[in-house]
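I am attaching a structure below and will ask some questions about it afterwards.
Lettered A, B, C and D in written order, each chain numbered from 1.
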Amino acid sequence: MNPRTRLALVVVAGTGLAVLLVAACLRLPRFGGDSHPYGDRAVHTSLARHTANTVASVNFDQRAFDTLGEMTILFAAVVGCVVLLRQTRDEHRARPEPADVTPPVRRYALIVLPIALATGLYVIAHGQLSPGGGFQGGVVAATSLHLLYLGADYRALERVRPVGLYEVGDAVSAAAYVVTGLAGLIGGTAFLANTLLPYGTFNTLSSGGTVPLLNAAIGMEVACAVVVLLARFLDQAVEIVEESGK
Amino acid sequence: MDVLPYLVAVWIFLAGCYGLATSRNLIHAVGCLSVCQSATYVLLLAVGYRDDATAPVFSDIEPGSRPVVDPVVQALALTDVVVGATVTALLLALVIQVGKRHGTVDPDELSELRG
Amino acid sequence: MNGWLVAATVVLGGGVGATLWGVATGPLRRRVVAQNLSTALACPGLLLLAQGYDRPAYVDLALVLALLGPVGTLVFARLLTDELADDPPRARGVTWAAAGLGAAVVVALCAAVGPSRAMAKLLLVGALLIGGNVVASRALSGGIAGVRGG
Amino acid sequence: MADAVVVVTLLLVAGSATTAVVVRDPVRQALVLAVLGVVLAVLFTAVQAPDVALSQLAVGGALTPLLLLLAVRKVKRRKGRER
């Protein structure tokens, strides 16, 4: 299968697929149409349970079981990366010399790091009120930690971020999500059902029953997962070196 | 305007598939795959849009005061973006392993090595 | 005819469109600067959209972009030091122009919003945006001297 | 007027996606993917999906480019030693 025939096959198949897709697009309802049956019901249920951010209500209340599946995919991807990027026998760790970063960049990194971390936690905490949630806040918080590597050097990051702790945090938060679901089961209703806690007053931090709890669990899980992921990638790219010039 | 977003989603998907099929570097192929994924977000959110509506987030507006777009598709796209990033990381880890074991990340050279 | 949305369309279509063309063609040093400018221009665009749609909740988006945009550019500055070492990017003028535009947009929005908590948030976003992009462009033009590993 | 913003950002997304595919060098593609992430986030805001826009900003802004560049550095460092 030389590239020539492969390109021809791609062009032919692509054209056929394009024709079918365009034909399908022409029969879809108008962009901006008014018929959104699922949306209206989701908004109604979210308001009934005093959750201001309907998207968070859909994610953590009406479709909490699907989010459990999403979290498991995320967890499996991280475990896969950890296994794949481990240090094999014929590799050793070479300590990287610190890169000399000019003072303004270093100062900027050290100033913005706490602000970004606070913003990440704010996005997680306000997940069920304003735009945001566990998924977004977790990534923002985890990325902000790596400003230390970008602004200073890798050793500074390693001192601050013990990877083992984050791996345990990843597992604990994944378990917390499942335990919160089981609590619903123990409480006599269904798994991950949002009938345990009172729904609280609308548009306040404690509103929405179990939505804030599941939101926090997902936020911690995504943050720990991204930190572990980047730790493995940074180890491979910066520290681990082949033993022999294979 | 009624069908433009759907056509843009189809165009992005086909461009991503073309890049994926004709790529000569596995890291470039992973990038093209993430382009394909973003096509699904555009299609999902285009399906859920409603004219002069606003987001179904009621932290700063009264519920029911303005028409809202569909939150279900947003919930689907939201989790997909983050999971897509971790799957991209897993694929890159596989590419690093291929690079380590075979010394090259060019898909054509790889098939020759095994052949 | 919502003026804010017209301004947002101009900033996004013209500014971000130009940075897209800049990142697609030309030498690596110009592409990196174009990437830095794309976040420096998208953040005011998001602020204008937030005001145009009359949704104060959208300012969180601009806040996160003002934080993570320069971090993305720092990633490129940090990991491409050896490629950029031979001809470091010189983009003082363009960066200050983008920072000026950001400042103008923030001032206009503060005038429209009036003194309140929202104005404080807008000023924070403006400060982070301008500070971040100036430092990021300085990091690009030789702020980080790459060392083996590093 | 809201439609104009949607149309402009849609064309920007189509352009940057095509560029991300046409550019063959992984480093340059990482740059274009970073810009694609930002433009996608703006499109999601125009289509009134702030949560998804926030998610795309967080992921496409700093995480994906960092992963791509670390993978490129690891693969290039191995190939560099053999030459």
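Criterion: a residue touches a chain if its C-beta (ideal position, glycine included) is under 8 Å from a C-beta of that chain, and two chains touch if they have at least 3 such contacts.
Owing to the predicted nature of the structure, the values given are computational and were not obtained by experimental measurement.
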Result of counting contacting C-beta pairs for A-D and C-D, higher pair: C-D
Separation of mean Cα positions, chain B and chain A [Å, integer]: 15
Where chain A and chain C are represented by their mean Cα positions, the distance between them in whole Å: 24
Sites on chain D at which at least two other chains make contact: 2-3, 22, 30, 48, 50-51, 53-55, 57-59, 61-63, 66-67, 70-71, 73-74, 78, 82
Numbers and ranges of chain C residues touching at least 2 other chains: 53, 55, 57-58, 60-61, 64, 68, 71, 75
Sites on chain B at which at least two other chains make contact: 1, 4-5, 18, 46, 48-49, 54-55, 57, 59-60, 69, 74, 78, 81-82, 85, 89, 92, 96
Overall pattern in which the protein chains touch one another (line/ring/star/complete/other): complete
Chain A residues within the chain D interface of the complex: 32, 53, 55-56, 123, 131-133, 135-136, 139-140, 142-143, 146, 226, 229-230, 233-234, 236-237, 242, 245
Complex contact set, residues of chain D against chain B: 2-3, 6-7, 10-11, 13-14, 17-18, 20-22, 24-26, 29-30, 33, 36, 40, 43-44, 47-52, 55-56, 59, 63-64, 67-68, 70-72, 74-75, 78-79, 82
Sites on chain C touched by chain A in the complex: 57-58, 60-61, 63-64, 67-68, 70-71, 74-75, 78, 81, 128, 131-132, 135, 138-139, 143-150
Chain C-facing residues of chain B, complex: 54-55, 57, 59-61
Complex contacts: residues of chain A adjacent to chain B: 3, 6-7, 10, 14, 17-18, 21-22, 25-26, 28, 30-34, 36, 38-39, 42-43, 46-47, 52-55, 57-59, 63, 66-67, 70, 73-74, 77-78, 80-81, 84-85, 126, 129-131, 133, 135-136, 138-139, 202-203, 222, 225-226, 229, 232-233, 236
